[in-house]
Amino acid sequence: MSQPVLYSELPWPEAERRVREGAPLFLPLGATEQHGRHMALGTDLVLPTAIAVRAARRVGGLVLPGIAYGNRSQPKTGGGPAFPGTINITANTFSLIVRDIICDLHRQKARRIVTVNGHYENVWPTIEGIELALDAIGRDKARDLTILRVDHWDMIRKETLERVFPDGYPGIELEHASVLETSMMLALRPELVDLTQAVHDGPASFLPYDRYPEPPAEVPASGVLSLTEGSAAEKGEWLLKDCEDGIVNIVNREFPSG
Amino acid sequence: MSQPVLYSELPWPEAERRVREGAPLFLPLGATEQHGRHMALGTDLVLPTAIAVRAARRVGGLVLPGIAYGNRSQPKTGGGPAFPGTINITANTFSLIVRDIICDLHRQKARRIVTVNGHYENVWPTIEGIELALDAIGRDKARDLTILRVDHWDMIRKETLERVFPDGYPGIELEHASVLETSMMLALRPELVDLTQAVHDGPASFLPYDRYPEPPAEVPASGVLSLTEGSAAEKGEWLLKDCEDGIVNIVNREFPSG
Amino acid sequence: MSQPVLYSELPWPEAERRVREGAPLFLPLGATEQHGRHMALGTDLVLPTAIAVRAARRVGGLVLPGIAYGNRSQPKTGGGPAFPGTINITANTFSLIVRDIICDLHRQKARRIVTVNGHYENVWPTIEGIELALDAIGRDKARDLTILRVDHWDMIRKETLERVFPDGYPGIELEHASVLETSMMLALRPELVDLTQAVHDGPASFLPYDRYPEPPAEVPASGVLSLTEGSAAEKGEWLLKDCEDGIVNIVNREFPSG
Amino acid sequence: MSQPVLYSELPWPEAERRVREGAPLFLPLGATEQHGRHMALGTDLVLPTAIAVRAARRVGGLVLPGIAYGNRSQPKTGGGPAFPGTINITANTFSLIVRDIICDLHRQKARRIVTVNGHYENVWPTIEGIELALDAIGRDKARDLTILRVDHWDMIRKETLERVFPDGYPGIELEHASVLETSMMLALRPELVDLTQAVHDGPASFLPYDRYPEPPAEVPASGVLSLTEGSAAEKGEWLLKDCEDGIVNIVNREFPSG
Amino acid sequence: MSQPVLYSELPWPEAERRVREGAPLFLPLGATEQHGRHMALGTDLVLPTAIAVRAARRVGGLVLPGIAYGNRSQPKTGGGPAFPGTINITANTFSLIVRDIICDLHRQKARRIVTVNGHYENVWPTIEGIELALDAIGRDKARDLTILRVDHWDMIRKETLERVFPDGYPGIELEHASVLETSMMLALRPELVDLTQAVHDGPASFLPYDRYPEPPAEVPASGVLSLTEGSAAEKGEWLLKDCEDGIVNIVNREFPSG
Amino acid sequence: MSQPVLYSELPWPEAERRVREGAPLFLPLGATEQHGRHMALGTDLVLPTAIAVRAARRVGGLVLPGIAYGNRSQPKTGGGPAFPGTINITANTFSLIVRDIICDLHRQKARRIVTVNGHYENVWPTIEGIELALDAIGRDKARDLTILRVDHWDMIRKETLERVFPDGYPGIELEHASVLETSMMLALRPELVDLTQAVHDGPASFLPYDRYPEPPAEVPASGVLSLTEGSAAEKGEWLLKDCEDGIVNIVNREFPSG
């Protein structure tokens, strides 16, 4: 299992061989989005890429270049499209990227694709992109293809959340730029986190509806929806381990001979 | 407040007057989607339309014709696009419908729009449609416009859920065609519910990822994700009352002179 | 023939069975458009829906939820897109709705579709939507599918027009919100017509060209292109009967075992 | 009035000057479509181009390069998209061509545009293209622009029709490749008409609905919907004169200082 | 080889026969773009059309109606989209035109298509249009189709360039409206060239990057990128002969039985 | 000038400040495309990213996340879309990515954008994406924005090419995966180059036209269009220095106070 895992670092004969032999292809889906005053804008791509690399090493997979621009950030899940620093693309463009990549992977006979998503707002345009690809390929011809769609936070086990949040888990919906993401970044790229800059102006309290074009003033000024307090690299490792294990289990289950 | 509330039943001079006077315009967003062996395919439009009508009566609003075709059903939230009876449209088409309607309402000087959604898969393409409308109108010019986006289930109060589920609320994510929707339909349109046909083959237990093109066989054969047992018209009334009150409160808050 | 006819009111097992047994599926295509000072904005959907229901009862068909938003109104046929009360969508969006619905009906093995149109401006984007659906399905695979496209006014017999207009028929092109539509609405939904509000400022006299962006001032202020005088529920029944019979004949001819 | 009229034959300084001085710009819209066994496929562009040239000479206008590919032919108006020889483009593409040309003409300060259409199926996508252009330009900014949309057959006077058809006019809807078009082509380009090849297998008798994907077998094998008998160059001249005069009158009325 | 070559001038039975017998179909791709103070705006369509006609005569081919509106002009290759007189369409629209035409030619069983391009900016959207057509047709079904894409300037032999430019060839990239195009136009349509209007303000000297929205002021005021001096009809004939021979050779090579 | 240069590694307050202060934003445009048997698939993104980083350090700029998927590879410039390992996206999708990013950068008040391209096939859809962004922003409002579009190979000076190719420069058109790219990769990421795998089966000799769907068999089997012989890290440094200097000069010229 010591083979290289980054698709973009292979020459074509090696990529062709690996794809032909059935290597699962991991596609990290991220964003460029504010993650609080204390953490890098690229967090949503750093995390799924790192998780995909770890999983790929264990299952003989390859990690494709990630998508660094995500579907429009929303106030309740990422601060909103107007937050400084965030760069949004439209849902349609995001779906077309996913569609085109899957279509072309299918053309070159890839049959095992795993999208690993790190940005909540990507969930729906990824689904749409996959469906559009299946339409374009033709539902009949697409039968030899399997696409798995994973959001990394769904890999985290309940036991781990209880360890990370001994006082109770505030829920995934407020976890943007908060303890989960901060801890994983501390484990992976501590130089991209500066907890001294963390401002404790959360947790956000959201109204049960959306307003456009001017959203209610409910996103904390820092951009952190919940809390950063209690973030730690060690916790990040627990979480990353869950994500890695979860994906490895899924791949082994779905691609038995992988 | 005894004015008519259905936009489509007004002649144009009346519609023009009401819009000019600031009547909030409610746009019900639904679907044509399986809702178990016991309930009508149109449930997702019946509910938000009925709720919008009740709210409109109290705030002097108008209810626009609803959208009866929803964004592609997903296995975990509605049984999936391949379930018999379900008619799916694409995310892009759904977004364009929302965009076009908002643009044209703005053209005719409507300034207060409330989308009332009854189909989970519509959430994201509705957001996209609103953003596309704001882009098309021009962000500067759109400043005189307010669009509120409401999912009816978010209006239900915690206290009511505790009354409806004395043994604990299984969570909104499994509520498709289950006690909440069934009870509200029993209250509104009992002839569209036949509990003798309800099959208790749930609750669904979902894997923490999606698979395409063939989803895992995890949707109960009935299409009911959770349970129908315990559904009752009386509970439905409690829930509808919450939805109505919730929207009335939002409208009063956001459109003070409404 | 006493089976229910509204698709949206069936539970999925019933819908599936009816589709499998070859029930023709009627798709009403309407609009939300000014129909004079005396008649409801929803007229263009009320009429084809009612006609489709009557025909469906006789041929064992099902009526799908109708499309309430029509392609941009034009001055010469409906008052134009800027008339108060009218809500326009673009031709492209309308075509995509038709395309998506047909594609998904084909996916669930529907083979007999009848669009019943009540808004003149929908004619061309409906044709385009059907062609786009055939392209998307694949012309080879679409051979098992038959789509009939009907404009309800084409079902009216010459003899009936002579009875309705003993002094001569002014022609369908000026019939917007005039005697034909008003009479049918009086027969179907008299509460949505108030002839005391009818203003006799027509008939319209159109220049033989279009002008954009500002159309010539040729639409009567009332929005009625011809006359309402002489409208009567009884005449409406004659007309509706023609529409119903015409569609029943077409269905029996095209779907012999229907 | 002896200035050149073909835009494409001018060098840019001359085109710039003419546009700046307010020359109306005529855009011929045609098709490549079967016109019977006796007439050229390009008829639908030959006619509006010739008419535009004649009108342009009299009003100091310029004729832009014409669009030779038209929106999908339909059985009842041109033989249908599957007729041999016909080359169809989609409604969306046709609309985008019209949109792009108008937007770019507006950019270079053209303010007077006249589309002259020779293909019935182009009517609706031309309207849509104009509306899309106005949306793209911005309705406010588009106020200095006037677009006139003319179908050449609407310019023909009743008196002329009575002269051409002394036994009664069969109606424009069957006139495809019939006496009107054939006569005008005989007047303009007699070498593109060979009446010895005309087959008298019409007139077409159409059912009052459309069927897809296989249209009813109702188009005469020749492709001529009505009759060619009685076609004559002299009649063609009468008709062309009407078209020319009609457009000149419109331009003089709409662009008084033109 | 004395058969007619213009597709639009044939009646449909003749077009059908020629296509069935394998006649190569030439599609000229042009533009409406400034070509200096001395030459017509339509140059980019005149040239490929004339070349296609000459080649078609020798190989029994047919020339389809050309596309007169090209992809956005760029400063370095045609003066830029803002140059007076130029009418630009978008890359997407241009691609869709090419896609639609190819799809429909395939539908009517054309199997040999040759695009002959005269506008540099068309190169890429033509490629995209061809690929989109192949996607729409289906790569499997498209195997019976061959599309050749030719830019006419690539047909010019080195020997001819040396004869035309005895002092050295300045390179194709500056040849817009310069000696090559001017000479060919002098040979074909001398009335569309007025060398007395040629201004010698070139050659252009371009910066090695593009700037938007305001391009650097590097296009000579005349619009001629290089020189017109030395243009001559005789040289034009040499060049046209090369283009004609080049295409004839390609067609004979690729369509041996053509 | 020791500030961090990677946008994705900054927290939002820092990104906001830098953008507000006028830092030029560099957007690397790449591809995932075969680069011979000896070099990594990601070459086309590695190069412009590294060049942008070097330039950004000197001018106080920021480097945005790069685009790793490029417009369809073509045989003559990259081996073609069907070459193993290459992952193509469509021109339209690529343009929309560029459009969306520019629009959103403009929204957050970025006024200085520099695209740095490393994949020839991206040139045209990048131009289109920029133009679409300017259309979407509005040409008036876009006046405060400057976008520079650079292809890195245009930064290489003639003197350097003469040093790299003492026997004569074969021309940029064959340089795919050849000496220039290989040398720069040897300088930057030697572990992604394995010259022992280089196969000398070039240079490619291309026919002067394209053929679809099956291109002529003219791409060398290795995918290298020219030669790799003579590649050296030292030469790569010369080339990178040119690219860096070239961009620094452009930025200093265009953004004087940068």
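Going by the order they are written in, the chains are A, B, C, D, E and F; count residues from 1 in each one.
In this section, a residue touches a chain if its C-beta (ideal position, glycine included) is under 8 Å from a C-beta of that chain, and two chains touch if they have at least 3 such contacts.
Since we're looking at a predicted model, the values are computed, not measured.
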Request  = Return the chain pair with more inter-chain C-beta contacts, choosing between A-F and E-F.
outcome  = A-F
Message = Based on mean C-alpha positions, I'd like to know which chain lies farthest from chain C.
response = F
Remark   = chain A to chain C, mean C-alpha position gap in Å, rounds to 47
Message = I'd like to verify one number: the distance from the centre of chain B to the centre of chain E, where each centre is the average of its C-alpha atoms, in whole angstrom.
response = 54
Task = State, to the nearest whole Å, the distance from the C-alpha centre of chain D to the C-alpha centre of chain E.
result = 26
Note = So chain B residues touching two or more other chains come to 81, 90, 92, 138
Request  = State the interface residues of chain A toward chain F in the complex, per the touch definition above.
outcome  = 6-13, 15-16, 32, 34-42, 45, 64-66, 68-69, 81-90, 92-93, 96-97, 99-101, 104-105, 107-108, 192, 194, 197, 223
Note = Note: in the complex, chain E contacts chain F through residues 72, 74, 81, 90-92, 95, 121, 123-125, 127-128, 130-132, 134, 139, 142-143, 145-151, 154-155, 207-214, 246, 250, 254
